[in-house]
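Per-chain numbering from 1; labels A, B, C and D assigned in written order.
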Amino acid sequence: MRLPDKTCAIEDAIARIPEGATVMVGGFGVPGTPFTLIRELVRQGQRNLTIIKNDANEKGMGIDHLIANGQVARLITTHIGLNPRAIEMLNAGHLAVEFNAQGILAERVRAGGAGLKAIVTDIGLDTELAHGKPRIEIGGQPAMVETALRADAALIHAHRADVFGNLDYVATARNFNPLMAMASDLVIAEAEAVMPLGDLAADEVHTPGPFVDHVVGLTEISEEYQVVRRQA
Amino acid sequence: MVARAAREIAPGMVVNLGIGLPTKVVDHLAADFPVCLHTENGLSGIGPTLPPEAANRNLIDAGGAYVSTVPGSAFFDSAVSFALVRSGRLDLTMLGAFEVAETGDLANWKIPGKFSPGAGGGIELAQKARRVIVLTTHTDRAGNPKLKAACALPITARACVNRVFTDLAVIDITPQGFALRELAEGVSIAEVTEATGAALVLPDGDVPTF
Amino acid sequence: MVARAAREIAPGMVVNLGIGLPTKVVDHLAADFPVCLHTENGLSGIGPTLPPEAANRNLIDAGGAYVSTVPGSAFFDSAVSFALVRSGRLDLTMLGAFEVAETGDLANWKIPGKFSPGAGGGIELAQKARRVIVLTTHTDRAGNPKLKAACALPITARACVNRVFTDLAVIDITPQGFALRELAEGVSIAEVTEATGAALVLPDGDVPTF
Amino acid sequence: MRLPDKTCAIEDAIARIPEGATVMVGGFGVPGTPFTLIRELVRQGQRNLTIIKNDANEKGMGIDHLIANGQVARLITTHIGLNPRAIEMLNAGHLAVEFNAQGILAERVRAGGAGLKAIVTDIGLDTELAHGKPRIEIGGQPAMVETALRADAALIHAHRADVFGNLDYVATARNFNPLMAMASDLVIAEAEAVMPLGDLAADEVHTPGPFVDHVVGLTEISEEYQVVRRQA
């Protein structure tokens, strides 16, 4: 037996995402955001997308290109404070935004990736995030049901990939990537380096290859990763 | 039968081979066949089974056999391992059976009062693999049919089995019940019908032999 | 106030310092103080903040600051990061606030119609850290009290705050409501009472100064 | 800041487990079983334990010593087929055994470790494992609630630990260990090697140190790990 090769041209991988798709996008702030895959999705122009991502990046960066291009109908997220365009569009009613507690978004995505139907939690029970969610008692204590999230496609940024799709991540660029890489019908990973089989140690793989459909090698690193000089 | 079952594995599949007969299927795959074998104790990319003198004490399959890795193998914990199974990333599993019903129900984990070691990972494999193939003798040691109208034993999962390979035949589970697809060499349709505990839909024309 | 808050951190604790004022607490810890700083984007063992020319583009804290690691740091995904918070492994968090109620309710994520960026990880930090300390100015820019009988804004979590550090005082949340513990140097009890939007339980005897 | 040292004598660590405790034990078959910690628990003799473990090991090995010593009142597990003593005691009514589907046991433990109250799944819905579990509909489909599991203590076998309790595992010795290391109030890890801070790369840690209470360095590797010559 040998493991199959999943390397793929970026155009072909992204072309498999249809109009109206739900798309998970890795990243927390800049690290781990698949900027190159996002750029190709902007170029191809699929519309009416539901995006699931921790944040809305910053103006002029990452999924803000999709929002600015009118491709995003709905955003499932935890925090959009660094993107004034997204806040403006939300307040104007031009972008539907569903807010989640950050760790609950992570668990809902993971639950989708684990083939579970839902998780039960007490997080946010006393907040407006609980509105409309089914209540249930566990051990005599109140809790609520948070349904699992799955997507039609996931866009993942990996540090390294082997040709079978085993992935690793570096530093805080890991964040939502390994969770989303389990939770989608079509998983597309861009990687800063694509290695031959056997070059990632089996004990150090963060996302096992069976979860990944397409591996896209990056020929250059997006300039959007550059260290930002913010005011203190 | 095992050689025939091996031909069910298509290039690119992720496959889990259950303990017993299914494990032997791997011996019938070409060395360069593109497939990923999964074991539920936490490995994708199982390599050949090793003799004790070459074994790694930390590297077994779910049946306890000492296995090896291939280039591109990955280790993971038990939660990730079953995440892979339940979320639809397992293309095929081959399992043993005590009983298979014509509805595709499978019983392979418990004989009440006699043998109750627990289901292990069997329920999830049966319920969630995209395709479930059973490898079994056509009848039990007493000669009673294992393919039946309904399972008498506690079931593992309902309506999960797609195809059954036995020493006598290849039989599909269809909306019409058991459907004969192939006969083992030298076995007659009458013998299969006789050994099957439910109606058997016969094909139009000749039945191929394996 | 920030220096005083730093003394709340006991040796061996796992601590998450929220964005804003709390982040500055770290500057008041000794270089060899035994503590593990956690950031919810996936790091235990935060090291010093780095200037842009020394920064690693892949290594930030949850506020977007370029940070570093220490010997023994670990990276993990967002699910594991909040598993740590929710399962009781986070000993202490220090957070900012819009409003704190005398019951310990905290509002720090949303001003309806004005500012609604989402709660991020704040709900879980407030609801599940073993000890929740708020660092805030005693009043808002318009001079209105931030410590109130009840929160008017949408709350982050109920009955979660243990202690509040302000520019005027250290105040505990007790079953009797706000209890004055310490005064900032040069601040009188009357000034604190005046600036607080609920009853303030005063200690017997002298109030220590920080 | 520096990270605290959690190395501990095995006697002191195990002495913190009280009579009647619920104890999670890592391992799947031989690999990853904390044989040395188990031996010390046998020596100290705490009784009336509830053990949560994938399997019951084999006769004369691992948790079978606890069972043989009469310390185990209840076993929450997935499969005990390799331990005839456990099967016999189950059938004779001397050992209460709760069977779980293997991946559901893993998820229940992980849910405890993630501070969730329960998971919702359709696994085993049509089987006797569903008896007595609350039913719930998710998206119009039937499912059931499986409550999270936590324990008073977890016994973990790691390949390497640093003194802060960052752990890694090797090959299929990982299995339930990282899940159980999140799900207990007292986490005791035995490690084949204990390293100084900084010797485990931050990207390659499997269990982050904040989850671990005590690190016990092994001075020798239990003979129970030896490769077993089974009949083919």
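Operating definition for what follows: a contact is a pair of C-beta atoms (placed from the backbone, for glycine too) under 8 Å apart; a residue touches a chain by one contact, two chains touch by 3 or more.
Keep in mind that what you see is a predicted model, and the values were worked out from it rather than measured.
Between A-B and B-D, more C-beta contact pairs join the chains of B-D.
Centroid analysis (C-alpha atoms only) places C farthest from subunit D.
Taking each chain's centre as the mean of its C-alpha atoms, subunit B lies 56 Å from subunit C. Rounded to whole angstrom units, the spacing between the C-alpha centres of subunit A and subunit B is 35. Each chain gets one centre point, the mean of its Cα atoms, and the points for subunit A and subunit D are 32 Å apart. Work out the mean CA point of subunit B and of subunit D, and you get 29 Å between them.
Residue positions of subunit D with contacts to 2 or more other chains are 107, 114-116, 121-122, 169-171, 202-203.
The residues of subunit B that reach two or more other chains are 43, 75-76, 79, 82-83, 85-86, 128, listed in rising order. Chain contact topology: the protein chains form a pattern that is neither a line, a ring, a star nor a complete graph. Of all possible chain pairs, those that touch are A-B, A-C, A-D, B-D, C-D. In the complex of the two chains, the subunit B residues touching subunit D come out as 39-43, 52, 55-62, 64, 66, 75-79, 81-83, 85-86, 110, 116-121, 123-124, 127-128, 154-158. Across the complex, subunit C is touched by residues 1-4, 112-116, 162-164, 166, 182-183, 185, 196-198, 200, 202-203, 205, 208-211 of subunit D.
Across the interface of their complex, subunit A is touched by residues 107, 111, 114-122, 134, 136, 138-139, 141, 143, 145, 147, 168-171, 202-204 of subunit D. Contact residues on subunit C toward subunit D in their complex (touch as defined above): 11-12, 14, 26, 29, 31-38, 43-47, 69-76, 79-80, 82-90, 128. Across the complex, subunit C is touched by residues 28-32, 54, 77-82, 87, 90-91, 97, 99, 101-107, 109-110, 121-124, 126-129, 169-179, 206, 225-230 of subunit A.
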